[in-house]
Each structure stands twice: as C-alpha cells, then as structure tokens.
Amino acid sequence: MKRSGILNAELGEALATLGHTDLLLVVDAGFPVPRDAHRIDLALAENLPDLRTVLGLIADELVVEGVVRAEDVPSHNPRLDSWLHERFSGAEFTTRPHAEVLGELAREAKAVVRTGAFEPWGNIGLYCGVDAPRWFGGEGVVVPEQYASKV
Amino acid sequence: MKRSGILNAELGEALATLGHTDLLLVVDAGFPVPRDAHRIDLALAENLPDLRTVLGLIADELVVEGVVRAEDVPSHNPRLDSWLHERFSGAEFTTRPHAEVLGELAREAKAVVRTGAFEPWGNIGLYCGVDAPRWFGGEGVVVPEQYASKV
Amino acid sequence: MKRSGILNAELGEALATLGHTDLLLVVDAGFPVPRDAHRIDLALAENLPDLRTVLGLIADELVVEGVVRAEDVPSHNPRLDSWLHERFSGAEFTTRPHAEVLGELAREAKAVVRTGAFEPWGNIGLYCGVDAPRWFGGEGVVVPEQYASKV
Amino acid sequence: MKRSGILNAELGEALATLGHTDLLLVVDAGFPVPRDAHRIDLALAENLPDLRTVLGLIADELVVEGVVRAEDVPSHNPRLDSWLHERFSGAEFTTRPHAEVLGELAREAKAVVRTGAFEPWGNIGLYCGVDAPRWFGGEGVVVPEQYASKV
Amino acid sequence: MKRSGILNAELGEALATLGHTDLLLVVDAGFPVPRDAHRIDLALAENLPDLRTVLGLIADELVVEGVVRAEDVPSHNPRLDSWLHERFSGAEFTTRPHAEVLGELAREAKAVVRTGAFEPWGNIGLYCGVDAPRWFGGEGVVVPEQYASKV
Amino acid sequence: MKRSGILNAELGEALATLGHTDLLLVVDAGFPVPRDAHRIDLALAENLPDLRTVLGLIADELVVEGVVRAEDVPSHNPRLDSWLHERFSGAEFTTRPHAEVLGELAREAKAVVRTGAFEPWGNIGLYCGVDAPRWFGGEGVVVPEQYASKV
Amino acid sequence: MKRSGILNAELGEALATLGHTDLLLVVDAGFPVPRDAHRIDLALAENLPDLRTVLGLIADELVVEGVVRAEDVPSHNPRLDSWLHERFSGAEFTTRPHAEVLGELAREAKAVVRTGAFEPWGNIGLYCGVDAPRWFGGEGVVVPEQYASKV
Amino acid sequence: MKRSGILNAELGEALATLGHTDLLLVVDAGFPVPRDAHRIDLALAENLPDLRTVLGLIADELVVEGVVRAEDVPSHNPRLDSWLHERFSGAEFTTRPHAEVLGELAREAKAVVRTGAFEPWGNIGLYCGVDAPRWFGGEGVVVPEQYASKV
Amino acid sequence: MKRSGILNAELGEALATLGHTDLLLVVDAGFPVPRDAHRIDLALAENLPDLRTVLGLIADELVVEGVVRAEDVPSHNPRLDSWLHERFSGAEFTTRPHAEVLGELAREAKAVVRTGAFEPWGNIGLYCGVDAPRWFGGEGVVVPEQYASKV
Amino acid sequence: MKRSGILNAELGEALATLGHTDLLLVVDAGFPVPRDAHRIDLALAENLPDLRTVLGLIADELVVEGVVRAEDVPSHNPRLDSWLHERFSGAEFTTRPHAEVLGELAREAKAVVRTGAFEPWGNIGLYCGVDAPRWFGGEGVVVPEQYASKV
C-alpha cells in the first residue's frame, strides 16, 4: 500500500495530471456535474466525506495559487469563506456568479471531485500553481515581477 | 437484492448523478431521443410502463424543484397536467413549445428515460432541486430569499 | 438530487445489479483488488470512510443472507466480529482462510468496494438474499423449508 | 415509431440475433446475472414488468422449441408451470436444479432479460427453434424424423 | 429465430430507436455516408438488395408521416417517385436539392441504411410518425387540428 | 464507388483478412452465431439474400481449398450438395455432425456471414487456400507433393 | 486468400465505404495527417510503397470522377501531373493551394492513405464517382445533361 | 502541480491501486512485457531512467514487505543485490529462476514499470505490505505472530 | 530490443506519425496539458528526465524546421534560448505570448511530451520539416525558392 | 518527419515494445493471422512489400538472437533459407512443423507483420535478443557462459 497521502487512485492520478493554471473543482453532493466532465465521485452519505476534509487532503498535495467560489459564499456562508482563506492562505481569492460556477467553471475544470457535502455553494475552484522557488532557481533565470515575492 | 426503491440499475445510477438544476426528461415511446443522449430505454409495450408510474417512482427518489412540459399539455392533455401538478406539488411549472422539448430540452437533458407511454406530449422535464433544509442548516449560513420558504 | 440513501452513483448502481447469491466484497484500504474486478474506490484517507460506516449504509439498502470473513476475525478482531453479528443479525455467518478471501472470493465478487479502513482482515463478503415474504407470497406457491422461517 | 411488437430496442435486437438452439433467459428481479452476460434490464419496480407479460411479448415474436426451468417450479410454483405449458404449448419442457439455472444456464444464455418479477424460481430459459415448415419446404429436401411432425 | 419481420438485428434495433420526427435515410450503393453517421450496410451486389425491397420491408414496420427525396426524382426518375407515392400513400412528400440530401439530410439522419441499389437519386428520407389514433385516444385528450384527420 | 466485386465493406474486409487454412462460415438465418464471433449480418428477409447468391459472390473473390458442411446435407438436402460441388469444384469436401457445425466450427470460424436463407443445414464452411501457382513459382522452390497437382 | 485486387484489408474496406463525391487522399510520407482522420499507414521506407503504385492499385478498383492536387504540381512536379492525367484520364482535374490540401482537404477526406513517397506535393485527392451507365440504365430514367456523355 | 512525490500520473495511480500481497514488477528496458500486462513505459534512453532511481522513488511511496529477483542476481550481479538489500532493508528476499520472472511473475504482476536500465536481470518484483502498526492498532485486535515484530 | 534510438514506444510512435508542419510540444512538469491532447507522460521526478535531454533525443530522430517558445524565454531564460538555437541550428525561431503557448499551441499540438523539467517557460514547440534534398531530388522537379537553400 | 528508419508508426511502436525472448512473426500475404493477434497489415499487392525487404528493415532496427521457420524452408525453399542465414548471421536457427508456425507460434507472437509476399512458408519468427555488451558491461557483473561469446 501507499505509505501516505491520498488513498484514492483516481483522485491521486487527477492531481498528478494538473498543470499550472489548471482548474480543479471540489463540489458538494448536489453539484450538476456536466456529462463530459472528468467526474470523481467520492460522495457516500450526507457530509461523508465533508467538503473541508477533502479540500484539506488536496491542499496537502497540490500547489494552489488561486481559489474561486460563488459570490454568495463571502456573504451567505462566511464560516466556509474564512476557513478557505485560512487553509489556502497564499492563494489569490476571486468570486464568480453562482450560475457561472455551475456553467463555465464546470466546463473548464480538468476534473470535478464530488464530496458528500450538504453545504450551500459548497463548490470551490482551485487554480493550480507551480513551486516557484524550485521553478525559477535555475542559473541565469530572470524572475519576473509577479513571481518575485513567491521566489 | 435492493430492499426497496427503483430496481433498474441504469435509472438508479442516472438519478444518483443528477445535481441541482440538472434536467431529466421522462418521455413517451415516440420521443425522438438524440443519438448522443444518455438513453435509458424502459419501454416494452404500449403504456408498459406508463408515464405516470415511472414519474411516480422517480418522484419518490428525486428532489424536483421544476417541471417543464409542452405548451399543449395544459390545453390538450389537461388530465396529465393536473396529475403532474398534484404529484410534483412543490415544483415550479413552466411550458415550452413542443418543438423545443424535442430539440433544445432533449439536448440539454442529462438523461432521457423512455417509457412505453402512448400519450400525446407525454414528455416531461424534471429540474432537480436540493434538500433545502439540510442544505442551508449549517452554522452561520444566511438563507437567501428564494430558499427561505423551502427552509 | 436523490432524496435519500447512498449518494455514490457507482456504488448505488452496483447494488442494483446484485441478485440472489451474488457476493459483494467490502474491503479495507490494503486489499489486493484483482485487476479485472469491478473496483469501486471510496477510499480517501485512513479510516475515511471507515469499514463499519460503509457496511452500515449498504446494510440499509441490500438484503443480505450471508456474511463471510477471514477465520482470523472472530479470533483476532473480535470487536469487528461482534459488530458484524449485530448489524447483520439475520444472516448466516461463515469464515474462510484469509488467503482465500484475497484469492477465490475476490475473483468471485460481483464488485469490490474499497473503503479507507486500516483494519486487520477488514474484508467482509456479503451474500445477497431476496425479500422472502414478498418472493414467496404468490398464489399457490409452496414455500420450501429453508425459507419457511424467513417467510 | 415501430408500428407494433416489442418497443424495447435492445430486447428487439437481442431476439433478432438468436439462432436455432440459442438460449434466452427471462428472469426475476433477484437473479444473479453474471458480470459478462448480455444483461437487458427492464426491471423497474416489484412485478413491473411481471414475468408473464414479458414472456408473452417474447413468445409472440420468437420461435421457441424448448422451455427449461428449475425443478422447483412444477412442485413449488405450479401456477407458473401451468401458465408456461399453456403459453409455449408446442415446446419441449425440461427442468434443471435451481443452482444450475443460476450457474451453467446463466453462463450459456445469449442474453439475460431481467424483469421486475418477485416470483420464486421465476427464471425461465427459452431454447429457440426455427420455423420448420418454411425451413424444410425447399425442393428435394428430405425432412428428418424429429421435424416431420412440425413440418 | 424471430417469427416474422426484418431479420437484420442492427436494422431492427435502429427502427426501434426512432421517434416522432426522426429521419431515416435509405440510400443507394453510391451514397457518401458521413464518417460519424450510424451506417447500416446491407449492400451486397448490384441491386442486391434493391431500394424498393428494403423500403417495403421498413414501411411494414415503421409509421412514416413524411417522405423526402432529391428534386431530380419526380423529374428524372418518375417510376421511382410513383412507386414511393403508392407505398407511402399517407405520408407528406417533399423534395430537397440533391446536394442537401448528401449533405444536411445525411448529417441529420438517425441512421443511414445502405442498399445495393444502382439507382439515380436512390436516396429516400423517411420522417417517422406516431400511431395517431392510439396516441390521442386517452381520456380528456383534445386532438389538435393537424392530427384530426389521422385520428 | 468500387468498380466491381462485393459492395459490403465489412464482408470485403473480412475476406481480405483470411489466410491459408482459415475458416469462413456462411450460414442460414437461423444459425446460433456465438456471442464473441465476428458476426457479419446480411440477413434482411426470408432468403434475401439467399445462401447460393452469397456463396457465389464469395467464391468469385476467395481461393477456397476446402468445403465442410453438416452430414445431413448430402443425405437430406442433395440439391444444395450438388450445387456446392459444382460451384467449388476444386475444393476438398468433408462433413461434420450438425452439432459440431453449430459448436466447434462456429467457435473456430474467423467470421460468420449470416444470410437470409431459410434452408435446412444451410451452414457452409469454406477453408481458404492460396493461389498455388503464384505461391510456388519462385526460383529454387521445391513444390511439395500435395500441391503439385494445383501448381 | 483473396483471388485478386488490393490485399490490404483496411484499405479495401475504406474503398468499399466511399460514395459519390467522397474524397480519398493518397499522400506522401511527410503529410501532416490530422489526429482524427481515418489514417491508413502503408508507409514502410523511402518510396516503399511509392505514390504511383498505390494510386494505380486504387484506380483499378475505384470509380474516380475528380482529381485535386496542389497548385505547385503542374508547375513544379510536371512529371507527376502528366502521370496523373494519363492514369485518371476521364476525371476532372482541379488544383488547390498547398496549405488547403494540408488543411481543408485533409479534414474533408473520408480516409488518408499514407504511402512511403518522398515526393514534393505528393498528396493527391480522388473524388469518387459512380458507374454512370449502370446507374442511369433504369427504365424511365431521364439522364441529366452532365452525365449524358458518361452514359 | 503536485507538491512532491512521483510526478508520473500513471505510475502514481498504479501505486495507489496496490494492496497487500500485490506484486509490482520494475524491469529493465529489455523485459518482454506481456501484451495484456498493465505496462507503464518510462524508458527513454540507455539507463534513463536507471533501475535504482525508479526503485528508490517507489520505495519512498510504497510499503514493501517482499523483494523477489532472478537467482542470477546474487551470483552474477552482486552490486545490484546489495543495493536492493540496503534500500528494502525490512523486506523478505526471495529468488526465482530467470525464466519464471519473465513468465509467471510477469503474468502475476498488477503492473510492469519499464525503466531504461541496461542491466542484466534488472527485473525486480516488489510484494506490497501494509503499515502494520497502523493496521493492528485497533482496540481489542490480537496481533498475529508474524506481524508482532513489525507492530 | 531496438538496437538504438528512443526506447519509449509511445514517443517513438508519435514521432512516426508527425508530418510536415505538424507541431510537437515538449513541456515542463507543470504544463497544463489539455484533457483531449495526446499526452505522453515521461515525467518521473524533478528534472528527471530534464528538458534538454528529451529535446536532444527527439532532435536526433526528427526533422525540425521551426522552434516556437514563450516570449519570456529569450529575455528571462537566456541560457535555455541559446541552448535551443545551438541544438536546432537550422530551424526558424519564433515566439508566442506564454498564455498562447498554454492555450492555442497546446490545442494545435499533435502530441504533448511531458518531461520532469522544473524550468520556467520550459515548453518548446517543434514544427516538423521534411528532408528537403530527398524530397525535391526527383526527375523534373522544380525546387521552389524557399527550399532552394535546403536542397 | 522521422529522419530515418522504418516509417510505419504501428510497426515502429511494435518493435519498441519487444523485449528479450519476445517473438515477432513476419509473414506472407496468405498467413492465417489469429483474430486476437496484434496484426500489422503492410500487404498491398503481390510481393509488395516482399518478405526480404521487410525482414531487412526490421533487422536494421531490432536485436535478433533467434530465427524460427517451418521445416519445409531448408528443404523446399533453400534460397530463402540461405538469405535468412546471411541476413541474421549471429542468430540461432531452429525449425518447427508448418502447422505449429500457423498455430502455436502465431498465438505466442507479440505481433504479426503481414507482408505482400507470395512465398511458400514465407512466415519467419524472430526471437528478440538484447545488446549483450551494453547489458553485461556494468561493474561487478559476472557474465554467464552463454553470453560470454557475445560480450
């Protein structure tokens, strides 16, 4: 068996295929996953697994430079929003209308991970980053401004 | 065997993949199911199974917040329309031109369940909802207006 | 969304395809699932989801007439064994050598449900039954001895 | 739409691929359909569709020269047995141990049609025949003894 | 074996999937069948099977409410046109430019049945109908004008 | 279009994959084609296409060195047997019990071509040969005895 | 084995699926075959097989009514152009900009046959025709002007 | 991107599907990988990647309780053998005849990872273990003798 | 085994399908490979294999007439740029905005080869050429101006 | 395009997957290739491509340590046998009964390459070897006797 990390083979493989700027959607149990999306269904029962546990496991293994969620989250689900800011402290936070999360973002996502969460607007987009220090450490590489702080 | 509920494996699986705002079409035996639709063919013989039985079985297992049907149903098949209003009492009812049911809605549907119904305009679209009370029950969650009544 | 029951589409579908005498294996995270088995991977992290939760959810939806587990369970994991006897009180309990659970039973199983359980011999085989009373209630049906008690 | 006959596309196609001596299994909702069988799942709810309706629809479209069922049917489900003898009056009737119906016959069957029947030993094997008169009507054809009666 | 009707399994299945307004193209041996069309190739040799035989077999099993063919047929292949009018007497006849038959209609068709016909413009589109009397016979159903004559 | 020869793409391709000693089965409409056979279904209606027409078209394009048919053909369908001897005059003729044609030969065949024939024991096995003169014409090649006559 | 004609099974099958106006591209070894084209790779080594041999074999089996090639061929590869005019004497010759051959025509082609040719602009499009005399020979058929000469 | 660990998505997924007693083969560039094996081809050029690097990366992520290699390794490639004993210090070491590594073990392996190694008998079988302490830590669990040392 | 050249079967096959003007992308470990791209994942660990090694192996086997990279490479990763100019000395060099490399070029590429490179903008597009001397050497071929220098 | 070597993508890939002791069959146009073999069809017309050309191209790219052919080749096709001994001078030569080449060897082969050869017993099995010097050159490696001569 694997010594550590995420046990789920399909989720692990999906994380390994993500590249810089790719979008991974981690959603609640009621998300309308598009038919042609790469759908990873971990949902079993109400809040099993819950949204925060799955997001936490992914945060441990994936470099995340951006977090996008429905506009309603800051206003109508503030506890989730503060948890997100804490767990993905280095990331850039943005919002999108709820309808676009279900529409545009769902079609853009490289994979959609379905949790058992019964949570309003519990659909969080993670934009992947790269490990800046190790990326820009090469000899003669000039670090562009937007990465300077990270390097 | 399963203790209860819908016996059909493919239909059961389709219901489990539906999310909020997803459209499920339950149609009569003469519906032109698009080639690339997810076609679940339960039709066997005339009105076997009939439309109302299949809709009833699905209503027992699926949260439905909207019902769409051809404009002709209220006017030309009133008995079906009253049955629908009764069976999906909490849902929002809308109509679409018959041609759009066969065209746009058929392409939008996550799955098309074919019954044996020999019934004019016997093609009913079910928009999935979520279990509002359980969805908005979390601590600190502010229930938006449109869900207040349901919570 | 589904009103109730198991949320996972693939697990729900697998249960719906099980028939009388079919074997469903619910296993721990370290089980050697054969390459050509129908593998349903719900494992996420250590004991998430745990064995008893998954078994309980399945017990709610599936008629189980037999439970088979490694010989080591009664002797070396008695707490698990007593839980099993309690949860599947009507079922017939048998044991098999651990190697046969990993070998013969794994090949025989209609599906193998992988949990996150870190539990020794946490691999439980469920033999499906049928709802005897409803099966043998037909007019003129003579109930055979082995089902008399159940009917 | 089709003018008449079985509406179900997959069942219709299966019947059209059957040849002389091929076995078609029409089973109850609890039958353990082998994983690699050609499984046609018409089951929806308890006894919907029921065994006799499906068998009757098939009998209208398929030449059947043999009917095989579990030994228990004549003795423990006599009403079903008499219905079978009446509906397939020209066929040769045989029995097999129930375990072999679930085992050997299930593997031999060209297709397994699952009904909603909740009926003990409701698993009926139909051996296909050919339309003897039209088969042996050619010029100079010598009709072998076993077909003489049919021609 | 099947007692009667079309023997070809793939053609039989295609007919069973057709719904109201669906288009079935029955074409000659030289038709440019699009790569992603559902291509049912019955062609064997010159005029084996011929166009009229295949159309006749289909007409026996399918409700056809419309027939479309190239403009050239009435003018340049009048014998074929009169045969069509006779065989599909109840249908509505339309024409389209030959290029559109090869283009637009070929892409729209649910299936393209290739015969062995060596016949100019031997490409006939059949628009499926429904069995109006059985469709509009339900209690309280108001028959719309365009179907009154058929009911 | 092809200038000449068999029009059917799948049949043409199958003939092109046949090599020396390969078996091609050309069968009547009632043949029990095994599920995993390469099934080429040309059957449309009774004796359309008939057995002799299909065999003749194949004989024009394929080198056949052996013909096998059920023992019953010489005795009970002599007209078919004489036609075969005439059409495949150079081939070696053998017989097999009817059950073996439906069993062993059906499993051995590289492809099974289904005609519309309603003909008793209308199942003919063709063993492919090679064009001996062109095969053994190379410099220094010693023609083995069994081919001497053919070269 | 096949008695004569093209030995390659995939190429033979492709030719048999071509209909009137379909485009077949026969290209040199360096052609950028689109990822979703039907790619038939016969290339083995430099000019093995060469362009003219493959074109000749196809010309023997396919009715060709049009030949399209890059504008550069008449001007910069005149020997190829004269060979083409001689081998496809009855066809209508057109040219297209080289970029369109690699782009538009490559996407339009029903199949792309890759040879081993090392020949500049060695990418020849063949538009399929039909055997006009056999097509327009039917009783009462009025031959349109553009085919009169061919009939 | 992934923060750490093996970058290759397919290899990562394979490791996540391995269970207790499963065999993973890590082989040199010349290994005859069976056609139906799960073949993960990382080979690029001679010794790129080399055997030890790949084995080391896997050892970091996989619990290995057994190492099997050809009998020839201890005798004819002692440096490789000592490296293996050092890197997999806790594992049980066994040997098999070289032919069985290429035969039986290759068929048994859940996956075969091909490196660029140009190394004699560079084909190493890793038998997966489980994390004994975490496995047998549950309340009331009696640790069997063979695991006592590991717990 | 292969005597020489790239060992990886999938990479070797991809190179063999490339034609003139086709684009091959060789990218770093963090590249967002589109879901429907032909993804060849050679990445194993940080800089294993590194970008230059993979590019070098490909340069040995592929005729490259153009190199495209992000605008940032000449300015911010000059060492990589000079290495590229040296290794692909005959090619035409162009740049594209980094976003277009990740977007447009990624969708255009015939295949995307993922290395283990941790290198900023380490995503290099290779436009395939043809071996001009061997291409334009034929009798009577007029070499166009743009190739004169190469011939 | 590839700079050199075999142009055919599928053949190139097959060679790259071959390992030590793997069998590659290169056969004449009349070989009965098993249905489930990996069939690479290069045949176009009589002796195009011929057997020796294909074998030669493969010999340039593949390490071959063994050649097996039908017993009849030395006795009845001596010119082919002497050519083989010359072209594969380092290999070990064996023979098998012709029937076993068509049977056992055809099933064992990793791939079957079909040429256009019209040559009696033109079916040659190549057993792959490894580049012994580079394989056994590692430090501390003890070269076994059977490879000593090759190293």
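Going by the order they are written in, the chains are A, B, C, D, E, F, G, H, I and J; count residues from 1 in each one.
Please note the rule applied: a residue touches a chain if its C-beta (ideal position, glycine included) is under 8 Å from a C-beta of that chain, and two chains touch if they have at least 3 such contacts.
For each chain, UniProt lists the protein as follows: A, B, C, D, E, F, G, H, I, J = D-ribose pyranase 1.
Owing to the predicted nature of the structure, the values given are computational and were not obtained by experimental measurement.
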Partner chains that chain D (D-ribose pyranase 1) and chain G (D-ribose pyranase 1) have in common: E, F
Same-interface partner of C-D, chosen from the options H-I, D-F or A-H, over half of the pairs matching: D-F
Cα-centroid distance, chain E (D-ribose pyranase 1) relative to chain F (D-ribose pyranase 1), in whole angstrom: 34
CA centroid of chain D (D-ribose pyranase 1) to CA centroid of chain J (D-ribose pyranase 1), Å: 51
Overlap residues in chain H (D-ribose pyranase 1), where contacts from two or more other chains coincide: 1, 6-10, 17-20, 30, 41, 46, 128, 130-131
Pairs of chains satisfying the touch condition: A-B, A-C, A-H, A-I, B-C, B-D, B-E, C-D, C-H, D-E, D-F, E-F, E-G, F-G, F-J, G-I, G-J, H-I, H-J, I-J
Residues on chain I (D-ribose pyranase 1) engaged by chain J (D-ribose pyranase 1) in the complex (per definition of touch): 1-10, 12-13, 15-20, 60-63, 128-131
Chain D (D-ribose pyranase 1)-touching residues of chain F (D-ribose pyranase 1), taken from the complex the two chains share: 30-33, 35, 39, 41, 46, 72, 75-79, 102, 118-120
In the complex, chain B (D-ribose pyranase 1) residues that touch chain D (D-ribose pyranase 1): 1, 6-11, 29-30, 41-46, 48-49, 53-54, 57, 116
Interfacial residue positions of chain J (D-ribose pyranase 1) with respect to chain H (D-ribose pyranase 1) in the complex: 17-22, 38, 110, 128, 130-131, 134-144
